[in-house]
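Dropping the structure in here first, questions after.
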Amino acid sequence: MNRICSLHDAVADLVGDGDTIAMEGFTHLIPHAAGHEIIRQGRRNLHLVRMTPDMIYDQLIGAGCATKLTFSWGGNPGVGSLQRFRDAVENQWPHPIEIEEHSHAGMATRYAAGAANLPFGILRGYVGTGLSEHTSTIAQIECPFTGESLTAVPALRPDVAIIHAQRADREGNVQMWGLTGVQKEAVLAAKRSIVTVEEIVDHIEPVPYAVVLPWWTVSAVCEVPDGAHPSFAMGYSVRDNAFYKAWDAVSKDRGSFTAWIEQHVLGTTNHEEFRRSVGLEVPANV
Amino acid sequence: MSDASYTTDELMIVNAARQLGALAAAGRPVCFVGIGLPSTAANLARRLYSPAPVLVYESGCIGSKPTRLPLSIGDGELGETADAVVSVPEIFAYWLQAGRIDVGFLGGAQLDKYANINSTVIGDYEHPSTRLPGAGGAPEIAASAGAVMVIMRQSKRAFVERCDFRSSVGYGDGPGDRERFGLQGGGPKWVITDLGVLEPDSVTCELTMVALHPGITREQACASTGWSLQFADDVRTTAPPSAEELDVLRILQAA
Amino acid sequence: MNRICSLHDAVADLVGDGDTIAMEGFTHLIPHAAGHEIIRQGRRNLHLVRMTPDMIYDQLIGAGCATKLTFSWGGNPGVGSLQRFRDAVENQWPHPIEIEEHSHAGMATRYAAGAANLPFGILRGYVGTGLSEHTSTIAQIECPFTGESLTAVPALRPDVAIIHAQRADREGNVQMWGLTGVQKEAVLAAKRSIVTVEEIVDHIEPVPYAVVLPWWTVSAVCEVPDGAHPSFAMGYSVRDNAFYKAWDAVSKDRGSFTAWIEQHVLGTTNHEEFRRSVGLEVPANV
Amino acid sequence: MSDASYTTDELMIVNAARQLGALAAAGRPVCFVGIGLPSTAANLARRLYSPAPVLVYESGCIGSKPTRLPLSIGDGELGETADAVVSVPEIFAYWLQAGRIDVGFLGGAQLDKYANINSTVIGDYEHPSTRLPGAGGAPEIAASAGAVMVIMRQSKRAFVERCDFRSSVGYGDGPGDRERFGLQGGGPKWVITDLGVLEPDSVTCELTMVALHPGITREQACASTGWSLQFADDVRTTAPPSAEELDVLRILQAA
């Protein structure tokens, strides 16, 4: 497979049933189009990992793709609950979902440990909370020099990391900027990675606060303009807050959710068709 | 308050901002800010007080000076106006855990009398009646920030004797627990509600009503609290939001 | 003390006898002028810490300021040995020096742990080397999840970190770019910090790959143009390789070393006079 | 070699570059480069072979494409031509330790028959006759790089039965030691000297002469080695540096 390929081919070749998948993005640069493609290709038994699962994980869970979720905060930011996530946890619909719950600091530490090829990371965290009691991947560890007790968490090493970035060059070097969250760590911690980008350019100009992933750390790069929608890509798009708000009503009901997925995701073959289907303008450069 | 010329959100935001103003007078506080009421309060304080609080967002923005209120923690404006933008692992390790944050903000679905907070589940963890978003950044904000300010509407349902789940630790089961847990931050110092302000008692650590908003009675406060609410010896009445405070807040929110 | 002050005042107020001092810089941005000021003010019993002690640490050691050195590579890059460091270790001149020796990876891990307020850091390192046998600050630790054995090293928490950067604004926010090494970690790990800068400007423009230290993380900022010489500040100066080469001859002999320090460092009152004394041009903006 | 039209440094550099070229043919290798001969060899290989090796410098530069040879590990040119510049803690944790480096380079004052290297002290550690610069990045390069290439002049003084101090581990005390130590990298695979090329024996792990440079005899090699030097069954003679190799190298060094 070529490093630069279609999102269809990247998901077909790199995402398997039962895989542990980390699709990261901290409000900014969330890889929604890639999530839709996973639903479209009918992946099952996925272990989804993310600090802040939001709408796209709600869709994956509701569509029955996931049997486990590892996370630290699952909500629709500024709107409220994730209805499909709640229905899965509270009512086991469409089937039971196992959850492994951490804090943001713990998840960030786990990704960083994975990126550094360490089996665990340490932090000051969790002590006294209910998480220590209910999550088995939290342990105490003693400092060999001071005797102080700290918290250890195991590294995250996803099978596949999937992120969205602003651009890549033709060699496959990826550049993202603005708030870049934990995406670099997720890619470096993963065995394989897919990056959707707003555009592929001849030459990447350095910009302030940019994170660059060299081509040899990325498995596949796919040009998917506005592939983060309704999230955004700084310099290319703004967050579609109305779309996030509207999701609450769509997702509240199993029937309306299923109809939405069938019409807009399963009923389309790619991101361009999805955009037309939900009434969004198709970017000029598609 | 039905005829008040301000909303309960405005009341809480103004009182939270005033507390930041008091801290600012003693040296510019560094605030670890979430989106919503805390972000609004911190941004209001930035406009009202000098030196202005320094805003740090968990998305990695340090020293953001947004000209309009951010809609989300990942708002582009936060990065564009920041002194520095760092990764999420770094913001938690080098900045929050390192003790560089003076004030953290928390809210949640339940708050108990020792200022522990639940934002995880209502009911049993394995079989919850309501699954909430989860702890997010709260456990380590509660552990490591120099002080924590809680902003929550006061009600019997939310202000409970004991949280169903402890997402973040205030004073645990009472005096000495923070030290036993090895928590380095100072813990919750102020709870700003729509009825007034609670602070932990210096001996018992129990949240105690230290101020009531104009027109609020002790009976209303007790009726909105799920534990046997204690009052400070000298309960203040907060000043109503001033015209200036409301003007600046509304301009901020309209921008 | 004002945050923005003279280098004399910063060293006088912030550096004490017996302090642990980290003056970092990875070839680029080495705070030479600050080192000279420490010699000038006659500090004693310093515990010097640095990944790559080079000429300025050679001078501090030869001038009798240091009784301990924690480091991972001590040489004159591209030239050879540090003569004063060798004379101290091999012949206890001017007095014995205790050494605590690590690898680069271990030192970087130790600074990062210090910056993160952890008592120790973990890495895959040292196993099988002589360092494990001779350095007491290297320990084994077991992963609580996998049982795997890893190496632990204690955090570095210097009393004072001293670095050189390109610029600061009038509030004291510091910006450096190019190769920035471990300087951010050193400052964040230290109790106090001094930053010398090429210039103080009204407003800091973001530039690619820049590291910014907010004013509230820095104790003192001092405007010292070319304060890194013979090291360099990208965008302001180039490395003075001839000066590094010439140091070898000066430092080889105790007498010529002492004469040099007396004439150029102790015999001058600031960096401007030092520059005139060694025959360097004084930058126009001094 | 007194009448050779190339220096021993050029001879070693060209042979090191050729080895990188052989790796490049099997997919572009990522090289962790120090300053000096390794950097020169890697930059020569970048110009001679396609796909070109990727250069990573321990100062934090990833994918540097310098147009002239860097004078130091912190040379500005390395950062300006890099795909990415990262901090020193990150380069060691996320890149070297993570196993992302295919080839690391090492040199030192002493090399022993199991390819352990000493760059710390000659003599006793506490009372050394010569204090050397120290280990630097070597312990973890030797531990974590996919393979290690050593470039050193061969002499009885430098090629010793056993190092005075083990700064970095090759094969320890012989077969199985790398596994026992839990080292994740492949260890030293090639030692390029001014006399030829040594490689570890696949059974004993002992460094064995597999190639001699033109005009070098087995006797010269034995006389320049502090242990009882073994030879491969089929010792090659290296090709002398070609006109093209020397031209490109000299243009590179003159720039």
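Note that the chains take the letters A, B, C and D in the order they are written out, and that residue 1 is the start of every chain.
As a working rule, a contact is a pair of C-beta atoms (placed from the backbone, for glycine too) under 8 Å apart; a residue touches a chain by one contact, two chains touch by 3 or more.
Remember, predicted model here, so these are calculated numbers, not experimental data.
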| message | For the interfaces B-C and A-B, which has the higher count of C-beta pairs in contact? | response | A-B
| request: Express in whole angstrom the distance between the two chain centres, defined as the mean CA positions of subunit A and subunit C. | output: 41
| task | Can you check how far apart subunit B and subunit D are, centre to centre, with Cα atoms defining each centre and the answer in Å? | result | 57
| query | Where the centres are mean C-alpha positions, what is the separation of subunit A from subunit B, in Å? | reply | 29
| query | By residue number and range, which residues of subunit A touch two or more other chains? | reply | 117-118, 123-124, 148, 185, 209, 211
| remark: Note: subunit B residues in touch with at least two other chains are 93, 97, 184
| Does the chain-touch network form a line, ring, star, complete graph or other? | other
| Residues of subunit C that touch subunit A when the two form their complex | 117-124, 137, 139-141, 143-146, 148, 150, 152, 154, 206-210
| field | Parts of subunit D lying in touch with subunit C, wherever the complex brings them together | value | 35-36, 58-61, 71-76, 78-79, 85, 87-89, 92-93, 96-97, 120, 125, 128-140, 143-144, 165-169, 172, 177, 181-184
| remark: The subunit C residues in contact with subunit B across the complex are 115-118, 173, 185, 188, 211-214, 216-217
| request: Note which residues of subunit A are touching subunit B in the complex, please. | output: 26-28, 51-52, 71-75, 77-78, 81-82, 85-86, 89-90, 101-106, 108-109, 111-112, 123-131, 134, 148-149, 178-182, 184-185, 209, 211, 231-232, 234, 238-239, 241
| query | Any idea which subunit B residues touch subunit C in the complex? | reply | 28, 30, 54, 62-63, 83-84, 93-94, 97-100, 184
